[in-house]
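Two complexes are shown next, each including subunit A; its partner changes from subunit B in the first to subunit C in the second.
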Partner chain A sequence: MAALRRLRGSNNEGVLALVLLGLIVAMSIANPTFFTLNTGFSILRSAIVPVIFALGVLIVVITGGIDVSFAAIAIFAGYATVSFCLNAGFDPGLPGIFAIAIGVGASLGFVNGIVIAQFSLPTLIVTLGTQGVFFGAMYTYVGASYYAELPGSMAALATSNLLDVTTSSGRAYLHLLVVPVLLLCLLVAWVLKRTMFGRSLYAMGGDLEAARRAGFQVKRTQVSVYMLVGALAAIAGVIHIVLSRSANPRDLVGGELDIIAAVVLGGASIFGGRGSVVGTVLGVLLVQVIKNSLLLVGVPSAWLRTAVGVLLVLGVGIQAIAARRDSRRMRVIEDLDSAQQHEQKVGS
Partner chain B sequence: MSPDTKVRNEVSQTNANSLRQFNHQLGSWTRQFVRRPGANRGAGRMVVALLLAVTLFAILNPRVFLSPINLQNIAVAAPEIGIIAIAMMVVMLTGGIDLSLVAIANFSAITISTLHTAIATTDPDLANNLGVVIVLAGIAVGMLGGAFNGFLVSVVGITPILATLATMQIYNGIAIVWTGGSTLYGAPAMLGAIGQAAVANVPLLFIIFLVVAVLVAILVNRTALGRMIQLEGANPVAAQYSAIPRRAVLLKTYTVGGLLAGLAGVLFLARNPTASADYGSSYVLLVIVIAVLGGTNPTGGFASVFGVVLATLTLQVVSSGFTAIRLSSYEYAIAQGVILITVMIFDSVSSSRTKRPKKLDPQLPSEASPTEAALLRP
Partner chain C sequence: MTSMTTSQPPTPFVSARGISKSFGGVPALVNVSIDLIPGEVHCLAGENGCGKSTLIKIISGAERPDSGEIVIDGVSHAQINAHAAIQGGIQVIYQDFSLFPNLTVAENIVLTAEVASGRRLYSPGSVLPKAKAILQELELDLDLDREVGDLSVADKQLTAICRALVNDARAIIMDEPTTALTHTEVSRLFALVERLRARGVALLFVSHKLEEVLAVSQRLTIMRSGRQVVSGPTSEFDQRSISRHMTGREVDESRVVSDLDLTAPLALEVSKLSLAGAYRDVSFGLHRGEILGVTGLLGSGRTEIAESLFGVTPADEGEIRVGGKLVPIRTIQDAVTARIGYVPEDRLSQGLFLEKSIADNIVAASLESHRTRWGTLSRAGIATTIKQYFVGLKINAPNAQAPVRTLSGGNAQRVVLAKWLATAPTVLMLNGPTVGVDIGSKEEILELLRVEAAKGMSVIVISDDAPELVAACHRVLVIKQGRLTHTLEGDQITVDTIQERMSA
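Our next item is the complex of A and B:
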């Protein structure tokens, strides 16, 4: 029983994995072309950017906040870096490009963090506002043109593959960028589980006031959380530009809600204090697999939005009903305890 | 009563008493004025903001901004956004949020357009005669959409932001499938007539907007349901102990939100006889901005319809003013965000300033802090 519970995971990761596995099996039976290396690799490739975004959103959601400006930060940082490199006519190499983008992203995140922490404002509304500001600022001050050419180092990265397998159904490529994403996942998981910073995020999500009284520097942590999200978003922005082999300022913005949906499906509580990297990755993969399989089964792509919405209602609805049943059970125990205490008092 | 007043004679004592009473009265007046709930402050603030915005753009470019056509444009464009913002305000009163309002409005517009076209292909006269029925059907669809939101929030117990995020995707997705991603043309002739009509140079649409605003204000401030909605948002624990039927209230709130969104969908068609799934996608952010600017407390409990109406007009004035002085829509997006955050910061600073004296005065009943409220929760 204990082993079963551990398999289920603290945030129902096991259940999610089971759903994902079931979906893959069902899809493979329904359409044999689904179960190929090609499909697998392309799903992984399409999950690269959402996973990085989702890691950022996970961090914010654990602290009990929500960030809807990350897509604007991502495209701002990525696009500004590319346009700076192209206009200045020099190529700082991949580390340089990522460093510039992360710097831009972190400073935009700093704006979010300082406004939220300093004035303790609702995170959703602040980030809705900054989303408009960042997006508008990019168009007004950075530019609005589409770059089909990338700096040399980024263009080279776009075509480098980690694995290049020839299968019966053609060649399958696994993109090199899967590796840094995996490392990023491990890093975030390590930070969340094993460092004081990570534990303080859970503490803040559980109860902000309690965390403050326990001695956590709540405001400073909040600012660093939003800077971290900005930095992660910037990495995702650069990777998105690399993968699409062009810098289009219209990309990414508008897809925020899909990422938040995936993170919530992955077991993170929107009230904070709960969530894990494993669950988040599984949530993103589930959404990507469903997107991919709908097309293969022959459902028009127009149904995608509805499918994600229905998935979110089901996932969150089941969680809500389960949580309510849990809280009811706890109340019974509390009632029992208080009844016993009452009896003791009467007895003495 | 200080001891030395007892020593004085009766006349001066009554004088002192009346003076004290007067002083007390004055004190409570000023306190009321300073500590007004956010809602009233929002309305007062928006009057100033609206006047400022109008004067600013009237000075910067009087020829374009003050032209009758521009003013009429503001009055025609404001109602649809304003009604969705009022719907958002009603939902925010309970401490929730409804991201699906714009999707519902589009859904309602698409329903009306499709029904009209379907009937008009066989019998155009019949379609125009049935105009009222078709429009009511569209509003009913909006109500249904809102009721489903309410069901998810109240019965299933999903957090409003997630529930309406999901339904936004669902309604929008169905609308995309239904229209095939294209724009539908055709609406009952009646709606076109309403869109064009004006009473004493005031567009009829704007009058409808004001009527809706008054009706919602009556609903919120003068009916039992409105009181329950406010209490539910102000203090859910107290609401529960006051035997307020939480589920029914939330269900009705979101249904009213859906009804208003459906009405906004009708106005979409009245302004322009086309309907599409992705119309007004920028409104989702805009209506939240308007509701918060109008003095709505995003955590629930306080809101003012009048403030929301004024905020709608202010943002429309800023939007058309930006066009008049040739700034792009992206600069307007920046302005929107900056205004929103500035107002929120201003609110937070001034509310923490007015709260501070409370701590010094132990006699005033202190409000339960969120942590205490959590402890009280059964």
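Our next item is the complex of A and C:
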């Protein structure tokens, strides 16, 4: 029983893994072309950017907040970096490009963090506002034109593959960038589980006032969280530009729903205090597989957004219903406990 | 006085001296001094709003005093911050415990100490032994791997106490620690307090329950309207003198019940009511004008019975008759139509719109009765109702437009009462009507119920506060493990019999 519970995971990661597995099996039976290395690799490739976004969203959601400006930050940071490099006519190399983008992203996140922490404002409204501000600022000050050419180092990365397998249905490529994403996942998981900073995020999500009283630096942590989200978003932004081999300022913004849905499906509680990296990655994969498989079975792409929306509502709904059922079950258990205690007392 | 003392008076660990504090020109504390001595329980008693909480906040560094000093271990501070207070060994256990519901018991116990020590990394492996050690020391039995949100109130409190001790607390301040505990849990807590005392911890116990004050403390400070009324060894006080100092007047807690007309038809008749997992086979009748007590331990089913009568969780089986007529109560709407009112246990979250004005809260449940034939609301009628109850219930606020959030416990409870009285219910059920209410307001609330009952309303009081049941109830039903085990009447209703029947 205990082993079963561990398999289920504290945030139902086990259940999610089963659902994902079931979906893959079902899709493979329904459409044999689904179960190929090509599909698998392309789903992984399509999950690279969402996973990085989702890690950021996970961190905020654990603290009990929400950030909807991450896509705007990502494209701002990525596009501004590319635009700067192209206009200045020099290529600082990949580390340089990522460093510039992360600096821009963290600064934008700092704006979110300061506004939220200093004035204790609702996170959804603030980030909804800054999303517009960042996007508008990018159009006004950075530019709105489409770059079809990227700096050399980025263009080179675009075609780097980790695996290159020849299958019956053609060549299948696994993009090199899955490696840094995997490392990023491990890093975030380690931070969440093994650092006081990580634990303070869960504490704040559990009870903000209690966290303050316990001596956590709540405001400083909040600012760090939004800077971290900004930095992660910037990485995602650069990678998105690399993968699409062009810098389009109209990209990414509008796709926030997919990410938030994936994080919530992954077991992170929208009320804060719960969530894991494993669950989040599974959530992203689930959303990507569903989108992919819906396309394969011929569902028009317009319905994809509907499907993701339904998933989000389902995810939140299941959480709420489970919480309610747990509280009811607890009451019965407490009744039993007191009944047993009573019997012991009578017996002795 | 100096020549009379035979032994050196014990050195206090923490002293607050001459503390004054005002908020926006209104004095909250005026020249208050208090000593916390190792191995001693100091009780701080006073009615709601007397300045107890402000004093605690100043000692724990959450608020800064306008004047006065805090002396910790002989070192004087004009003010301290929360971090310094914790470092100095002062721990506060707040009424809401300030625990993290989403973390395990072990993490809750250890996490604040880890923060205080300025660690950057966190190792789950080293946390467990630390938490285990403190449990063993206090001889407590808690499941360290359980999430705190799943614990009972009493276990949450134990977790909070363990957490304080892991932080090497030398002074523990407990804010109203017994409010949510049952009788047995309170005695368990007091046993633990004795063990803490033996360890040389200085305890400050904030309470307004007189029995507890007398049972647990060695020293007593009573406050009223921000002033220190009296301080001294607890042995020099009795219940009567404490309540006199707290309220500034004589408070009558004795039993006052009217004669009932037993020939009148029953207002409410419940027969063989059952709800799986909560209660079984409950039958009783309620006379017109009767105040009926329903008591039992937490989880005995007492609350569930009331919630079924109000349609929150409808019963599985059984019949409910209101005024002789069979009424199926499946929803709250059914209960309201049958003129049954319910004041829930957690009035702050369930019974009030905290951000709304007193006036809005008073009419919230009775708007229907002010409907004109055009489907609009009669402003004049609403105003009359508001005035009637605002004045009639002596709600202590500058005016009826003040938000309910700003009111003290006793006044907030009066607003909830006003809300339901305005609906003119035949049967009014109150769950813990005086929980968190100070002794003066408590007496007044009970008197209000007596008056309404005399006018013909039937009242059910669900409570485990035996003195309150004795003071007001015609009969008391004892619920144990979901069954109605005893019906106490007349002379049987005493504090001792009620407590005995409840936990026996």
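Here is the rule we go by: the second predicted complex is superposed on the first by the 330 of 348 C-alpha atoms of A that agree within 3 Å, B and C clash if a C-alpha of one lies under 4 Å from a C-alpha of the other, contacts with A are read in each partner's own complex, and residues count from 1 in each chain.
As a working rule, contacts are C-beta pairs under 8 Å (C-beta built on N, C-alpha and C of every residue); 3 or more make two chains touch, one makes a residue touch a chain.
No experiment lies behind these values; they were computed from the predicted model shown.
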| item | value |
| --- | --- |
| First (subunit B), second (subunit C), both or neither touched by A:Gly152 | neither |
| Touching partner for A:Gly129 - first (subunit B), second (subunit C), both, neither | first |
| Which of subunit B and subunit C A:Ala214 touches, first, second, both or neither | second |
| Partner chain in contact with A:Gly22 - subunit B first, subunit C second, else both or neither | neither |
| Winner by number of subunit A residues touched, once subunit B and subunit C are compared | B |
| First (subunit B), second (subunit C), both or neither touched by A:Val264 | first |
| First, second, both or neither for A:Arg305, with subunit B first and subunit C second | first |
| Which of subunit B and subunit C A:Tyr202 touches, first, second, both or neither | second |
| Partner chain(s) touched by A:Gly273 [first = subunit B, second = subunit C, both, neither] | second |
| Touching both subunit C and subunit B, counted on subunit A across the two superposed complexes | 207, 209-210, 331 |
| Interface residues, subunit C side, partner subunit A - complex | 62, 82-83, 86, 92, 94, 96-103, 107, 111-112, 114-116, 119-124, 150, 152, 277-278, 297, 299-301, 480-482 |
| Of subunit A, residues touching subunit C in the complex | 193-200, 202-203, 205-207, 209-211, 213-216, 269, 272-274, 326, 330-332, 334-335, 338-339, 342 |
| Contact set on subunit B toward subunit A in their complex | 97, 99, 152, 156-159, 161-163, 165-170, 172-174, 176-177, 180-181, 281, 285, 288-289, 292, 298-299, 328, 330-338, 340-341, 344-345, 348-349, 369-371, 374, 378 |
| Subunit B partner contacts - residues on subunit A that touch it in the complex | 66, 115, 119-122, 124-126, 128-133, 135-137, 139-140, 144, 207, 209-210, 254, 257, 260-261, 264, 270-271, 300, 302-310, 312-313, 316-317, 320-321, 323-324, 331 |
